[in-house]
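In what follows, chain A forms one complex with chain B and a second complex with chain C.
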Partner chain A sequence: MKNIKQALIIAQLTIEENIRKKILYILLFLSFALIAFSASFTSFDLGAQVTIMKDISLSGIALFGIVLTLSLFLNVIPKEIETKTIYPFITQPITRGTYITGKYIGLMSIIAVNLLILGLELMVVMKIYSDNWNVMIINSIILNILQCGIIGGLMLLFSLFTSYPLTLSITLFLYILGGVSTPYIQYLQGRLPKVLLDFVVFIKLIIPKFDCFNIKDAVVHMNALPQGYFAWATIYGLAYVIITVMIATILFEKKDL
Partner chain B sequence: MFFSKYIKIMFITLVLIFISINIPIVYAQDNTTEVQKESIESTDKSKTTETSKEETEEDESDENDSEHKHEHSHVNTDLTGENAEFGREEHHHDHEHDECEYFHKAWREPGTIDIMKKYSLILFSLFGIIVIYRLISKRN
Partner chain C sequence: MEFVIEAENLSKTYKTEGKKILALDNLNLKIEKGQIFGFIGPNGAGKTTSIKLFLGLIHPTSGTVKVLGKPAGSPEAMEKIGYLSEIAYYYKFLEAKNLLRYYASLKSLSKEEADKRIDLNLKLVGLYDRRNEKLKGYSKGMLQRFGIALALLGNPELLILDEPTSGLDPIGRKEVKDIIKRLRSKGISIFLSSHNLSEVERLCDSIGIINKGKMISNKKISEFLSYDKNVYTMTIQDKEDKIAKLFKEKNIKIEQTENLHLKTTLPSNDIPEIFKLVSDNGGVVVNTIPGYGDLEEIFFELVAPKEDKEDKKDKDKKDKEDKKDKEDKKDKEDKKDKEDKKDKEDKKDKENKKDKEDKKDKEDKKDKEDKKKKKNKKVKAKEN
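Right after this comes the complex of A and B.
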């Protein structure tokens, strides 16, 4: 219980520190404008216009989430070690696990709040144009947040033992590879060199299936998701988040500071 | 020294991104050409059957030849004359439909939920094992 309180205090400090970053507001403003002006695609008829608005806005929100995650998590721990701002925390009677969890919660809260603001804006715009509240948008946003959570966890993990350009490139690589679906891999059998294919299959077994969190098409075309899909996708995302943060904690505890 | 480090990182990044991006692109391009080939073959077949039917009908009818020919010519010019765009649009939509059907959507696959269930179970049990191990090692 004490650890949770300490983690929440660190999270609060992290929010206060990162909320001053200008990139946050620039990205938020751009995404807000993209959703608001998506209605200007008037060259389509009414049904198509709403579909295209939803499609563009949800793609924009997903992209905004990923860019925000990359910019916030990129050098959170290495920068603190470099500027020596981490030492006042380490000398306090708090565990390193609590510190890293607090940092993660703080950064993820910023991302979640931003994405939810954009989601609500999209819902209001959809209410104006199609006269109904599309609740599926919020489901899509929640899965987006989880996807950002996994990416953030991976970045936190890699940033502990690699330099930040390498962290960025490895995370992007895993994100792109995670989005490749199983039929693609099956198709590649016999078309790619065996070593490369084995490497891809091995990584695909470990990394999360990022395409599971992409329900944009279902939201855009108003298709119903299979029963229990959203709940299982949430559990699946949370499982990956917990594991990545835990491994990061173990590595951080063993790190010589 | 500074540049060599960053060049190495850039090179690794480019290679990794090239590999990861190329996989779906290669697949999609190859696939669409196959789909297009199939659809072209099917349309060719239907066209040949139509023309053979027309020929046989034309052979059978000797007297009302001019009216009949006019009707056929009207049907044929639908795709090249005034209604050409309509015909092309339909054809285009068919292609789009084929391509969209082929692109994979994880939420549509019935096996996705099973995969998510299995992975969640594995990851949470891994989490449990790590927690228990840490608790035991702390006590000792």
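Right after this comes the complex of A and C.
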């Protein structure tokens, strides 16, 4: 109980620190503008226009989420260690795991709130154009948030033992590899040294399949998702989040501050 | 006996860019509850490294350390530890009071209690009037004061202060020292690191001297300074270079010679005779201090000569010095034996003194206050 309370306090402080960052508002404004801009597409066919709007907006929101995650998570803990602003916190009666979890929750709350704002904006626009609340948009946003959660967890993890350019590169590499479907990997067979290929296949096996958080096509074309898909994807995402934060905690505990 | 810090064979090696730096070498340290322990040593001696190990901020390469009977850095231990870092590492974007609230909410303090203690401590360090200003606008000394308020936040049983008076003006230093004295009277144990020897001398019950990662000495303050009223340390200017010879003839031990200045320790009965001898031979008695010199001298005797020696790179010299070292060691051992004997005597004397002092105390209070004022003036003068 005490740990949870402490984590939430760290989260609150993290939010208070980060909502002062201009980048947050710039990104938010750009995405807002994108959705408004997509609404200005005119077409003879209202149905086609709505489809285009949804497509552009959902892609925009997903991209916004990733960029925001990369910019917020890049360097969080290393910066605190370097400036040693972490000292007055870690010397309170708090475990390192609680601290890092609090940081994570704080940053993820910012991301979640931002994505939900954009999702709501899109829903309102859709309501105006197609006169129906497209609830699937919210499902799509939630899966986006989970995807950002995994990316954030990975960054937290890597930033504890590498420099931030490397953290960024590794995370992006894993994100892209995680989204690539298996046939592409088969295509690499024979074109890459065996060791490297085995390595790629192994990595592919353990990293999350990021494409399963992307239900944009289903939302855009109003196709129903397989039964239980959303619940399954949520659990899958949460599991990865928990695992990455746990590994980050173990690494963080071993670290000299 | 209850110990607030127990370090056993504690070592720390830093690895940076392929280099290994042995920052702390086999530290064995036990600090009794209720004590003020002064940890002194030159820059890079390993003071901060030791403190970080006590707080669990870094992990030992070998050895163990327990703080308040619990593993270093564990939340159970940290609940009752107040820590002041050597440099201010606080968020600048929050107001002082607001930030203290955040720190307090991580402790097991009720909200009302936390608010009460925050106000109390801000008043104590003189920041209450500026409690609603952001730390961005604080001066170095104000940040240091803020740090002290933070360290005292959770009713600590143990305070770990890394150079608590650095960055403070003379008034601030005195205030911090007064705070430390007040805390001692409440039975709080304090570990403080410092370069400022006169500070340590006045505040501490025990002091440890550390150099190049090794603790060279760890004693009760009374063992360092024997304020034996019958012994005086004299500094004599030997203008015509005669006095040293005369002293040798008369078998008076010279402790130090530097720029035609001699230093010697004498029983009080001999002083008139020495004064006469000095003035007859063209010398001047520069000063006469009761006791065996002050801590600063002991410190530099322990620390400075070694550093000088290692700076010299000539092998020949080193060889010679090795021989000297051996001789020095012998001397030191001899000294130790003597000191041990003296200590025993000192203790007896003190017990007698205490009884006498209790009686005197009541009468002397006024006198002492006057003296204190004078002392403070002296201290300020020194610090300036």
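Rule of thumb we're sticking to: the second predicted complex is superposed on the first by the 247 of 257 C-alpha atoms of A that agree within 3 Å, B and C clash if a C-alpha of one lies under 4 Å from a C-alpha of the other, contacts with A are read in each partner's own complex, and residues count from 1 in each chain.
Please note the rule applied: a residue touches a chain if its C-beta (ideal position, glycine included) is under 8 Å from a C-beta of that chain, and two chains touch if they have at least 3 such contacts.
Model, not experiment: these values are computed from the prediction.
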item	value
Chain C versus chain B on the shared chain A, clash or fit after superposition	fit
Partner chain in contact with A:Pro193 - chain B first, chain C second, else both or neither	neither
Touched partner set for A:Ile215, first chain B, second chain C, both or neither	first
Vertex chain A, arms to chain B and chain C (CA centres, degrees, nearest 10)	150
Touched partner set for A:Tyr184, first chain B, second chain C, both or neither	first
Partner chain(s) touched by A:Ile235 [first = chain B, second = chain C, both, neither]	first
Larger contact residue set on chain A - chain B or chain C	B
Least C-alpha distance (whole Å) that remains between chain C and chain B when both complexes are overlaid	11
Touching residues (chain side chain B, partner chain A) in the complex	6, 9-10, 12-13, 16-17, 19-21, 23-24, 26-27, 31, 104-107, 110, 112-113, 115-117, 119-120, 123-124, 126-127, 130
Parts of chain A lying in touch with chain B, wherever the complex brings them together	163, 165-166, 168-170, 172-173, 176-177, 180-184, 187-188, 191, 196, 200, 208-209, 211-212, 214-215, 217-218, 225-226, 228-229, 232-233, 235-236, 239-240, 242-243, 246, 250
Touch list for chain A against partner chain C, complex	2, 5-6, 9-10, 12-13, 16-17, 20, 83-95, 254, 256-257
Complex interface listing, chain C residues touching chain A	52, 55, 57-59, 73, 75-76, 78-79, 81, 83, 85, 87, 89-91, 93-94, 102-103, 105-108, 150
